[in-house]
């Protein structure tokens, strides 16, 4: 994807590769990719696409609250594509802004988990011995310990150590920390396994004989060769992280309602399921579903594409 | 003729008992104990009103009625009150109710270990005159005493002592935490804390039963969506509360209906009066604008209460001008007007106070204490933004909220107040008088509002027997706190209960659910 | 061997202690139980007296050490909310959670295997693709939303199944069971599906990919070549060989089922330990929260230890 901006020759090479060929042949992969791209771009440039900034209180008129999609409001006569919520916020705009939070939390958490996990996995697999024992013991325990509880624990402790006046701003970062720290194990295990295989291969031995240090070997030589399973896990983790964020928000330990994510919007919307204001729940849920589903589909396709045996 | 009437009356009883049925209801919180003196909270006292009774009780209109006492009269010139007790009353275990039980219950409820102690602060002693007469002496004339003890429930001395529960034990619990021996219309049949509590009618009750329930089961359900689903699908017969947004749905659906009322609870905004500087926002550390009465008045004018009531409260609530609702005694008719919604006026006041460019500050709000509390705070934030002042809202669960307020971590906050005595003196004592730990005054006056005249008037209001004079003083206090905009009272919290169509019941403004007024048809 | 076991047990105890310490650090910030325990008319003096009596005025490390010492003697303290021993409360609530976890685990395992095998055999069939696609919807929606939607459809609109609780239960010794009454069984259906759906998808996808892997192996091809029926090949040879990873994963997922029960129990008002925990968080009932977290971590550490020791028993190379 970043390759698009690179010189043409490289792009052409990429376009002709097996990987790209596989992609062009799979309608599921193409549709999923298109959906993810649309969602990511529209939320990244939310201010351009949204009709208002729903989180600037000065923009809101409470009397616009609970306007159904497409019909004029009883008091103000304004119309909204996807209706409004209890505060008179345009649901369409809240989704764009909310998805921004969800995607940011998701990407950042996966990044964090990936960086920690890959580093730990490389170190563990390459050095072995005591280092390996300690890292893998911690990983074992955390793997059996449910991620949602781990995230709740981290959330509780981290929130306690933040000064009162910064709590709301920091809630997002605490979420990233909680979700990221709770899913590094997957990465560590896979990378460790791959490293165990790679470290005995000739090219590593050669590098070692040339007197290169352990870390250059790990990151320059071994890492590129263990990346494809990492990519698959990262994609699936992204979907999981977005859902985990929604679940934490449902339990009341997630994003604050002044800076809501898709999960917070769903939590707010589920209060209106019985009362007939279906749009407050429906549109954010469908967006979350579309996002998670297409990311999952991409992950599925990626796994098959990178594991040619199963084709 | 007489015989015919007797027979038809009998037939009627049989018929109604043939229709009588078990009744299931759900609420948000489980009463945390069955001990009527251990905890002073609405869920506990409301529930225990069905199994225990006091000397007096409140009727359907909140008026004080005789219960275990048949009559009461003042002693001398306000030295106390003499209660004449009802004869022939039995506890659930069959033992007799006498004056000894009243004395014992006074000692128990006013003991160090009891949470209901503060009710007896004006009491100097209790004397047993004979088996069915008790004198309760007060240190100063106390005209409101009989109506302040409707929730003081009488326990059986013998049963309590035999079971080692002579004093409440909140921390470790005792026999009375899980078991009940009252005189009320219902007996405790089964108690599983946090899960279900089952009551059965008490055959030996002294009063005539209005209800036709054979068994009643209470289940706490804390997820509002789940409890609405339970009512709609017929798994329970009554829920309290119905989330405001679901009221219309419950009403429209065949088989269920909504019962609306007005609770005694006033929802208001409070300010930091004492704090010299702002604690939150871009201007933290700068002088506190809320010390200027013009700024407080500007806030009062900036809030469009009608819009909040129309949308968030869906027309089920009413606006209010003072710290009590018109239904409470001592409501000040002379001060019934609340500041009108006036954006331009608010801006002018801010400009006059030197804040034409606005300022930012921290607004604290609970998110699970009052109906739609967080949504109301968000709406307030939006309305204040329109007059140019920026509220940085932080909403939190109530378990974090009270410690935060006690630590003075706010510039402005949301508070709801329901007067336990149903009298205007109650919020004045707790919210308006200068905080004074020793005299137990102003203990919920977090912002530290202080006015010498209010402090002077409060004890006079407490001991004034002449109703007109008393109201005059209450009117004066009301005018003082209104003109100072000590708080911004916004609206009265609505009561929204949902039931199956075949249930008839009475909704009391204190949000107590009284089982003996329920009939299943 | 013995030294290995001792070392592992020692490590497990250390993990438990650290989890407990982290948990206690969290309680300090979750709120203050005092206002829940005292009424509206409490005074500042009452607040301080009660704080002192509960030991809340001490630093959390001191509170933690006290808790560990009495927990080691089997005493988890008294619930602030209910005024009863925490151990009694947990014992009362455990059957509800265990029965729910067992049923949803069974649901996930059986349906997961059946669908996994089906989608593997009919790899490119329309039905298999449909199942695979639908299964992704299951993992792409948060559990709480699925629960609420199920209640909305099956309880409120169709009125087929109860919306909350366990229905009627039967007491056998210290165990309450919902298996023996019609209403108890009906009440299990929606929560079990909600809780098991995610694991079901996981198992189904695992079985499918393991099956695909196994079906390519030589011995399966050989079995086919020998003229064995497709059925025998699938079930007697292929499926049997996929079972090892499936059982391992399922065992490890047991923890997730119990943990996610928190959410399911909240949505369905299921009277188990998860709901107890969430209520305890709301009330800041520290003894209940502490006991729950310690018990859960004890369970996970025990599962982990058992798995490890099992590996040692199987793999002699580890016996150093």
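Lettered A, B and C in written order, each chain numbered from 1.
The rule is simple: contacts are C-beta pairs under 8 Å (C-beta built on N, C-alpha and C of every residue); 3 or more make two chains touch, one makes a residue touch a chain.
Given the structure is predicted, the values throughout are model-derived calculations rather than measurements.
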Could you tell me between which two chains the number of C-beta pairs in contact is largest? B-C
Please flag the chain sitting at the greatest distance from subunit C, going by CA centroids. B
Report the chain closest to the protein's overall CA mean, measuring from each chain's own CA mean. C
Rounded Å distance between subunit A and subunit C, as computed from the means of their C-alpha atoms: 24
Geometric centre distance via CA averages, subunit C-subunit B, whole Å: 39
Take the average of all CA coordinates in subunit A, do the same for subunit B, and state the distance between these two points in whole angstrom. 46
Which residues belonging to subunit C are in contact with no fewer than two other chains? 30, 148, 152, 156, 266
Please set out, as single numbers or ranges, the residues of subunit A touching at least two other chains. 270, 273-274
Quick check: what residues of subunit B touch more than one other chain, meaning two or more? 225, 229, 232, 397
Spell out the part of subunit C that touches subunit A in their complex, as residue ranges. 11, 15, 19, 22-23, 25-30, 136-137, 139-145, 148, 152, 156, 209, 212-213, 216, 252, 255-256, 258-260, 262-263, 266, 278, 293, 296-297, 300-301, 303-304, 308
Can you list the residues on subunit A that touch subunit C in the complex? 137, 140-141, 143-149, 153, 156-157, 159-160, 239, 243, 246-247, 250-251, 263, 266, 270, 273-274, 285, 288-289, 292-293, 296-297, 300, 309-310
Would you pull the subunit B residues touching subunit A in the complex into a rising list? 224-225, 228-229, 232, 243, 245-246, 248-249, 279-280, 284, 304, 307-308, 310-312, 362, 367, 372, 374-375, 378-379, 381-386, 390-395, 397, 404, 409
Under the touch definition given earlier, write down the residues of subunit B that touch subunit C in their complex. 32-33, 38-41, 115-116, 118-119, 169-174, 177-178, 192-195, 219, 221-223, 225-227, 229-230, 232-235, 368, 397-400, 402-403, 406, 418, 420, 430, 437, 440, 443-444
Within the complex, which stretch of subunit A touches subunit B? 56-58, 60-63, 65-66, 75, 86-88, 164-165, 167-168, 252, 256-258, 270-277
